[in-house]
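The two complexes that follow have chain A in common; it is paired with chain B in the first and with chain C in the second.
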Partner chain A sequence: MQNLKLREKIEEMSGVSVLKCMRCGKCSATCPNYDEMEFHPHQFVYFVEKGEIDKLANSKSIYTCLSCMACVERCPRQVEPAKIIEAVKLLQIRKQGNNHLKPEQVSVSLDPELPAQALTSAFRKYSK
Partner chain B sequence: MNFTYYPGCTLKAKGKDLDIYARKCAEVLGVTMDEIKDWQCCGGCYTTSQDEIATKLASVRALVEAKNNNTELLTLCSACHNVIKRVNNDMATNDYFNFRVNNYLKLDQPYNGEATVIHYLEMLRDKVGFDKIKEKVVNPLTGKKIGAYYGCLLLRPSSVMAFDNPENPTILEDFIKAIGATPVIYQMRNECCGAYCTLEDKAIPKKRSDKIIENALSKGAECLITACPLCLYNLKVNGGDKIPVYYFTELLAEALGVK
Partner chain C sequence: MKKIGVFVCWCGSNIAATVDVKAVVEACKKEPNVVFAEDYQYICSEIGQNKMADAIRDYKLDGVVICSCSPRMHEATFRKTAEKAGLNPYMIEVANIREQCSWIHKDIEEGTEKAIVLARTAIAKVLLNAPLQAGESKVTKRALVIGGGIAGIQSALDIADAGFEVDIVEKKPSIGGKMSQLDKTFPTLDCSACILTPKMVDVSAHEKINIFAYSEVEAVSGFVGNFTAKIRQKARYVDTAKCTGCRACMEKCPSKKSLNEFNAGLDTRPAIYIPFAQAVPNKATIDPNACIKLKTGKCGICSKVCTAGAIDYEQKDQIIEREYGAIVVATGYNIINLDKFNELGYSDCKDVITSLEFERLTNAAGPTKGHLICPSDGREPKKIVFVQCVGSRGLRPCDKQYCSKICCMYTAKHAMLLREKHPETEVYVFYIDVRTPGKNYDEFYRRAVEQYGVHYIKGQVGKVIEKDGHLEVQASDLLADEQLHIDADLVVLAAAIEADDTARKIGTMLTASMDTNDFFTEAHAKLKPVESPTAGIFLSGMCQGPKDIPDTVAQAGAAAVKVIGLLSKDTLKCNACVASPNENMCNGCSLCATVCPYGAITYVDKEFRIPGGVQVRRVSQVNEAICQGCGACTVACMSGAMDLKGFTNKEIMAEVESICK
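Up next, the complex of A and B:
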C-alpha cells in the first residue's frame, strides 16, 4: 500500500530527503550487516520514496541495523540511510505495546560479563 | 589542566578499568578530572530522529555543567562521547531541538551548545601532546605489536565527531607509538563490532568480531586496544578469546608505571 503521508512523516523525523538518492548502492555495499538484513539501506531509501513503508516496518531489518553510521559516512549524496531506518523503527516501537525488547527477556539469560552499556543502548534502540 | 569529567554508567561497573587507569594516568600527566556529581546516563546510543527530545536531556545537563564550570567536558567511553557530542551539535545547530530543550529545562541562561566535548584520547593528543607522554614513559612497551580498534563511535559521523580522518585514522596508532609499542594497521579497525545486537542475536557480533580479529591477526597484531566497553566485550567474549583486548588506558598506565 502506498502511504505518502507516512513518507512525509519519516522525512520530517529523519531530516532526510529521499529524492537525493542516485541509487548507486554504495550504502548497502558498505553495510557490515548486509547478510543479516532482509532490506538493505538503499532499499529503505527506495521504498520510503515509493511510500511502501509497511514492509519495511514489519521487517526484522529495523532491529538488525547496527547504527554503525557506515552508510551515512560513505553515501556520496549525503542521503544518510541509517536515519531513515531509525525513523521507521521508531514509528513501530512507539506504538502502544510494541516494545521490541522487554526487561523479562534479558534478566534470565544475563551474561555476567555483559557491560551496562549493552543494556542501555539495546533498550534505547528497541524500546520506548 | 582542569576538565569536567563525565564517566557514564559502564565505567562505574563492568568497565571500571577504563576509568581507574585513566585517573591514575591523568595524575601523572598533570590533568585534573572533576567528575560531575549527579551525572545521568547518556543512554548509550544517540537517536537520530529530530523529534526525540527526552532521550537527550541527560547529555544536555552534563554539557550545561561543563559550561558553568568554564571547562571542557571530558569523556572516556566512546559511546558517551558519541552521544554527548552529537547532542551538543543539535543544541548548536537545530533551532527546533534547542527551543524544545530550553523550554523544558528552564535554565537560568539558555544553553546553545557553548561547551566543548573532548575525548580522553583527544586530550592526550591535543592538550598534553604525545611527545610529552613519550617523555613520561618509564616502561616502554617495546616490541609489542598492537592493533588499534577504533570501531564506529569515535569516528562517525565525521561531520559532527571531527575526531580524526574517518577512513584512515591515526590517533590510536600515534598513541601506541608514544608508549613505545608498534602499531599494526589492519583494514577492519573502523568497522562495527556488532554493538547492542548482542542482545538481539549473538550470532551477529560473533560474526563481526571474528572478521575483525581474523584481519588483525593476519597483519600480526598480538593484542587489540579500544576505548569502548561494548567493543571490548564483543571482541573478547563474542570473539571467543582469540586475542587479548585491553582498554588503551590500561596500557598507558603500564607504560607510565602506575599500573
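Up next, the complex of A and C:
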C-alpha cells in the first residue's frame, strides 16, 4: 500500500469506491481505445486500490482516455473507471505548470481522424 | 405474594466473560417477590433444567425468570421444563443478556449493569403474567404443491409416499419444469429426461397425487392445518378425459406459427399442442391466442380429425376449491430478459444465444435433433464463446446482485460436451470467478480445462457485433493484460436467473415473506431453511434462491418431511399468545379487522346488559386458531380494547417502567 491518502483523495474527487470492483474486466473489454492506453481501465482501478497513483499520474494513459464513459456505463459494480482516470488527470493538471495541452499546440496536433470527443476531453483538462 | 425464581446463565464464557453473573444474582435477590436466585454454567443443559424444575417444586414458584440467550433460542426449552415441573409454561420470562448484552458490550461493568436492568425488567413482567392455555385446531390431511418442476415433483412424491394426499398445481400444460428442457445434467452428465420422466410418470400414476396442470392458484385463505385454496383450471378447449394424446390434431392444425416455448422459442408449434413427447398429462391444449377457430370462428380442423371427440371450443375456466393442511411453494425460476445488455448483441444477432437455448440446440429432442448449428444460417459453429455472469453479481438496475450459482457448472458442461462431440471447435469461456463448490464439481470444471482443452479466460466480454456473417467479440484477458478480438461463430450467454414472475403474487396470497429479489425467505437461514416464517408454508427449490438440481431435490425432500410431520398430527396446538378484545371497551370501529394480516378478526352483534335493559353493540371477536399474535391490532385499536395475551399493554408498561427506574 503506497499512498492511501492519495487513494482517499482520488476516491473523494471521483466519488468512486474502488473496493466495489470484482475484477471482472468488463471495463477493459469495453474500452474502444484500449490499444492506445499504457494502463487500462481495470488497472486504474487496481492501482488506485493499491495506492500506486504516481504510476498512473505520470502515464500518458490519463490523456489517451477518450472519456467516452463506456466503462462507466458497462461496469456492473458501478465502479466507474473513467471517473477515476479523470480524477488522476485532475490531480496532475491542478499542479501548476503541468498542463499537458497548451492551446497553441492544438492547431498543429489536430488530426482529422481525432475523435471530437477526445478533443473535448482534452480541453476539459486544459480549462483550469 | 407471588414467588419468583431467577436463574442467571453463564453460557460458558459467552455471558460470564462480559457480565458479572454473581452480581446479577445478588441484585435480583434484592428485588421484591424474588425468593430464589442462582447462577449456573448452562441452564439449557439437563443439569440446569433439573435445577430449575427442583426450584419450581421446592420453592413453589409462581414465575421464573431466566437470564440467558435470546428467547428465540431456548424459550421453548424452558417452557417445557416449567410445564413438567407443574408450572404454566407462560409463567416463564427470558431476559436476553447474551445477544442484547454480553455480546455487544466489552466492558464488564457496563455489561453487568445492563444485565441487571434486563433481569429486573423480566421480573416486573413475570409478576403480571397470567397462565395461558393454547387452543387446538384440526389438521386437513392434504398438501398443496404450487409448481410442477423437479422441486414440486419431488416434494409431492415424498409426501404422497408417506400416505398423504397431494395436489400439484402447475401453470403450464405439463409438469416437468425447466429440468425437462435440459439436455445433460452435471456433474455426472446423465440425460435429464432419462432421470426426470420416470419421476413424472410416478407422479401421474400415484394414487395419492392429483395433478392440476394448466392451472393457477388464485386465492388462499385460512391458516396452518386449515388452508382453503381456489384453483383456476384454465380452459384447454380439450376434454382431458377423452384426449388420448395421439397428436393427430397437431399435425393437421393450420396455425403453426406460434413460438415453441419448450424449445426456448427456437422453432414453432401448432396452436393445438402437447409441449413435448413425455408430457404429463399427455393431453393437448389449444393456445387461444393462436387458434383460428377461437379467434375467427372458422377452421375447426382439429375437432374433425380428433377421433376421440375431445375438442371442446366452448370450454370455460373452472374454479376448484380445495382444503389443505400444508402448502409447498415450488414456483421455480426464469432467466432474465437480456434486452438491457445490448453490448452483447442478444437482441441483434441471431447467433448470440442464452444457455437455455444452447440446451435445446444440443438436445436430441430439440429443434435440430441435437445437431448444433448457428441459428442465423445453419452452419456448424467452429469458434464458440461462452460469457459468464451476464446480469449476475451487478449493482445496476438491470443486474441481479446475487450469484446465480448454476452457471459456472452448466457452462463447464456445455464447453466440455462441445469439445467432446466436436473436437475441431475452439471454445472460450470468459469468467470473473469460477465458482464450483460441491461434490465432484471442481473436478468436473478442471476436466473441462485439462482434459477437454476449453480456454478459460479471466476477463469479460465488452462488445459483440455481427460482421460479414461472423461475430466480432471484443474481450479482456486480465491475466495477460490484453484486449482480445475473437472472430466467433456462436456466443452463449449465461444469463442470470430470477424468481418466476408468479412468485410475488403467490407470496402475497400466502402472506409468506420474500426478499427484494422475490425469492421466498426462510424462517431461519440456517436452522429452518425450508420453512417460511408463515406457519404451514414450506419452500422447495429455486423459489427460495438459486440452486442446482441436487440441492433442489434435497430441499424438496426436506420440505416434504416438514409437511409430513405437520400432516401426521390430528390437531395442532395454537399459539397461546393471541389477541383478545375487551368487549366493554370496544367501540366497534373495525380498525383491528382491517389491519389484521391473517383475517383472524370478525365483528359480531352482542347483547350487553345495561342498567334498565339490554343494549346490542357491535364488538370485535378474535379467532384464536387463526391469530398469530403479531400485535398489529393492539397498536391500531384506538380505544385500547385490544390486548395481546402474554404481551399485554400492562406488562409492557411495567417493563418500560422498570427500565426507567
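Worth a mention:
Heads up, the rule we're going with is that the second predicted complex is superposed on the first by the 110 of 128 C-alpha atoms of A that agree within 3 Å, B and C clash if a C-alpha of one lies under 4 Å from a C-alpha of the other, contacts with A are read in each partner's own complex, and residues count from 1 in each chain.
The criterion applied here is as follows: a contact is a pair of C-beta atoms (placed from the backbone, for glycine too) under 8 Å apart; a residue touches a chain by one contact, two chains touch by 3 or more.
Keep in mind it's a predicted model, so treat the numbers as computed, not measured.
Contacts of A:115 after superposition: chain B is touched, whereas chain C is not reached. Of the two partner chains, chain B is the only one touched by A:36; chain C is not. Once the two complexes are overlaid on the shared chain, A:12 sits against chain B while remaining clear of chain C. Taking chain B and chain C in turn and counting the residues of chain A each one touches, the greater count comes from B.
Judged by the touch definition given at the top, the superposed model places A:25 against chain C, while chain B stays out of reach. In the superposition on chain A, A:86 contacts chain B only, with no contact to chain C.
In the superposition on chain A, A:64 makes contact with chain B only, not with chain C. Once the two complexes are laid over each other on the shared chain, residue contacts for A:76 go to chain C alone; chain B is not touched. Comparing which residues of chain A touch chain B with which touch chain C, the overlap comprises 70. Partner chain C is touched in their complex by these residues of chain A: 20, 22-31, 34-35, 40, 42-43, 70, 74, 76-78. Listing the residues of chain A that touch chain B in their complex gives 12-15, 32-33, 36, 63-64, 66-70, 72-73, 80, 82-83, 86-87, 90, 101, 106, 111, 113-122, 124-126. Put simply, chain C touches chain A in their complex at residues 343, 389, 393-396, 399, 432-433, 458-463, 474-478, 481, 483. Taken together, the chain B residues at the contact with chain A in this complex read 8-10, 13-15, 41, 43-52, 55, 77, 79, 152, 155-158, 166, 191-192, 194-201, 204, 208, 228-230, 232-233, 236-237.
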